[in-house]
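Each chain carries a letter (A, B, C and D) given by its place in the written order, and its residues are counted from 1.
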Amino acid sequence: MEKVIDLNADMGESFGPWTKGNDAALLDVVTSANIACGFHAGDADTMARTMRLAVEKGVGIGAHPGFADVQGFGRRRISLSGEELANLVIYQLGAAQAMARAVGGAVRHLKLHGALANMASEDVTIARACYEAALRVQPDITIMVIAATAQEQAARELGCTWAGEIFADRAYEDDGTLRARSRPGSVIEEPDLAAGRVLKMLEEGAIIAENGKRIPCRIDTICLHGDGKTALAIASAVRQRLEQADYRLAPLAKVSRSA
Amino acid sequence: MEKVIDLNADMGESFGPWTKGNDAALLDVVTSANIACGFHAGDADTMARTMRLAVEKGVGIGAHPGFADVQGFGRRRISLSGEELANLVIYQLGAAQAMARAVGGAVRHLKLHGALANMASEDVTIARACYEAALRVQPDITIMVIAATAQEQAARELGCTWAGEIFADRAYEDDGTLRARSRPGSVIEEPDLAAGRVLKMLEEGAIIAENGKRIPCRIDTICLHGDGKTALAIASAVRQRLEQADYRLAPLAKVSRSA
Amino acid sequence: MEKVIDLNADMGESFGPWTKGNDAALLDVVTSANIACGFHAGDADTMARTMRLAVEKGVGIGAHPGFADVQGFGRRRISLSGEELANLVIYQLGAAQAMARAVGGAVRHLKLHGALANMASEDVTIARACYEAALRVQPDITIMVIAATAQEQAARELGCTWAGEIFADRAYEDDGTLRARSRPGSVIEEPDLAAGRVLKMLEEGAIIAENGKRIPCRIDTICLHGDGKTALAIASAVRQRLEQADYRLAPLAKVSRSA
Amino acid sequence: MEKVIDLNADMGESFGPWTKGNDAALLDVVTSANIACGFHAGDADTMARTMRLAVEKGVGIGAHPGFADVQGFGRRRISLSGEELANLVIYQLGAAQAMARAVGGAVRHLKLHGALANMASEDVTIARACYEAALRVQPDITIMVIAATAQEQAARELGCTWAGEIFADRAYEDDGTLRARSRPGSVIEEPDLAAGRVLKMLEEGAIIAENGKRIPCRIDTICLHGDGKTALAIASAVRQRLEQADYRLAPLAKVSRSA
């Protein structure tokens, strides 16, 4: 049986005159791009530019909605009702769909950003409110979830198409959560080490915590980053190692299966 | 031959805790609603509420994009490039499409708001940039244009489906432009007078300026307002007079013809 | 000994084209106005208008900073660091000071708004971060605190000039907190009842909870509202009752004493 | 007689997670910093950081207000009334004053940013509205004007303390305006050339246009930049050349004289 995997990264995180990340380089490595939708980053012009590039490179386009907080880059927790969360997601997803259409592409997946993602990975009602709203707008969208969290639970409950995601450059606690950035060893900076971990988790079909514990889960996509000292080197190393191990890299929509 | 006409009004212009207009009452009078898309008014929650109501009442939904200027209500002129104008419209139209879909409706038409509309009625390149962008996203959308302005010219040049609009409560200069609000007699406040003028312009197929001059034009829709001392009374009077004169009132999508 | 009391209300809560509240009427009743500083409401033009009116009527001007969340009216909790809270307060206080100066007035007091106020009344570190920042900018400012909460504790610890506030139209729980708006009986709508309660609390020098419990506290100012069915009637009734009971009404700066 | 000159640069133009410019390096070269006030760039946290650094390095702090347009970086023209312009400036100046005070400094000068500066250099009523507002808040503030433009005219008419500014790295037309960036030769990238031009203009007490024409004007400060390939090299070259020519470099407040 063929082994298929998706590589994803957050993109289009510039805003107005300010640039961020290294989208052009990352687009040569990943197969799916999570594109900011204007609320925490990624104004309409940045969205257009980034999506045009993704279409050119054959990279799958995803909507990456976040809280309405440009200054805080969507990383500050904001308490919203379920109805407000739904409308927040619908609005941003719609903007992304139209922009993708305008540049000859289409939104294939949705991934939550920043504090909204964190809250949804802890609270299944928040995840459900967001995902259910996205599915009302685009019933065949693939929901990208952080594997083994409340995000995955919500996607399973909704019976939608989803993809489980692990992180190449972040250490895991033994409850499956990411080690807080404030703790030592939370971020992996050595490309070979990161690539080796990813391969091992894929082979075992499980998240491997720092203390060695295995948390079995479905892994459909690997999250890579463009920022950080060695992020691009990690992204390339992961891709190379996966290809050497006979993984076929392909955008999500061709990977994901329904629950 | 059946006489058909659309009545439209701007709606969904509340924002956060602040309300504006009298949407519920107007929705019983008009057949098309131009719904603010979050940039000058109409946050995502307001959009959802307004569109839900429009769907319930069978009123056609239109996207009503404006400049990104909540404080100025989109009434301040902002100089943008053609590319920026296009992305501004695509983004807001997409958000409106998704929101309409989420509440069981669909966007049928597009009308520009405020200073953006004023600039597009004076400058055909601005109008073209906006309309061409909307058509890339939704090729069958009806573009609502202020009759006999550069807006109409742009729609004709693009060969798209469009609808010509006149105003029930505003006086016209003899070049077909609206008399500036700062000038006396610019706003008509007498319901019978407004209704009579509308009927006359429809019968003559022409805008009638204050000095009596006729500017022949296609009239598909009448713009009504909810704000202002007698706005709602004017809206009702216009509707009643049109029905008495055997006009059938119907949403745009069923009215408009291509150029 | 003379009995002196301040009456305060939130004002300047319009934004751009949207109006809110009944500032002109309230300014004839209160002695201190808490004026929104542009982050949750009250753009620069609204601030100018409101402060000019306050100066004309001899009402004391207070800065009323809130979270940067116009759509949510500053009522959504946002998690910020102590440094970010400090800068949030400094920025808004500065804007208020300059605007007051420009219209011939001066900021005398500071009161936190909405979710920021709620968080500061629960968490003394949040209250301290905000108040300490304000005092760095204006050492002689009066800090208006919700009596018997962490806000008061922070002001006492800082040794600054502060004023203790109770609410005329809200029911209290027996721990001194306001009954949640979602609970029945949380808002008092009967003017005589509200006025009677205020007088009783002043005479006893204590908050009186719904179950009769007394929480002794210093009361320097009574919070009134302009919104709501009977808010203005309550405001007038409270003022009248206090005058009948020989209280002298005076703006905060002439009332408050250091801890 | 001693020759004294100020070197100024725009700073604090980061926003939220996005950085811009090279403030730390520039602060070692300039004597005055024009610090963004949050409307086009420079959120409250960025302002605090930048001002703290300026105080440490003994660099004079200026408020650098712009249009409320983060996405457009204040470079898009927005049409505002005189009253709105005044309130825009008052608000931002106040925020800057408070932030400066909080970090142990003080605002000494004001310089308009971007499109607001361009409009004020063409239209004396716009310049007057802005400067008159700033002077209402801080009567002893030094207004930094682009020499030989409507900005200078407004400052002269107001009889306030002002400083005339020329640009080190921009070519001039023979009407004293800057050559448009879109035209070839508009930006000077050669450090020696830039430094030589500055010295020559100072010695002649005149702007020297590309065609050799002299426009006599008072020159109190030289505008330098941190962005651009050779900007920092130009800044250093200008400073070095001025020191070699026995100019004493000093912040504006100690330089400027009233008209």
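Observations
Criterion: a residue touches a chain if its C-beta (ideal position, glycine included) is under 8 Å from a C-beta of that chain, and two chains touch if they have at least 3 such contacts.
Bear in mind the structure is a predicted one, so any value in this text is a computation, not a measurement.
Over half of the residue numbers found at the subunit A and subunit D interface occur in both copies, marking it as a same-residue contact. The chain pair with more C-beta contacts between its two chains, of B-D and C-D, is C-D. Per-chain Cα centroids separate subunit B from subunit D by 44 Å. One finds 39 Å separating the Cα centroids of subunit C and subunit D. Of all residues in subunit D, those touching 2 or more other chains are 71-72, listed in ascending order.
Across the complex, subunit A is touched by residues 68-69, 71-72, 76-80 of subunit C.
Taken in their complex, subunit D has these residues touching subunit A: 14-20, 41, 43, 70-73, 75.
Taken together, the subunit A residues at the contact with subunit B in this complex read 38, 44-45, 47-48, 83-84, 86-88, 90-99, 101-102, 133, 136-137.
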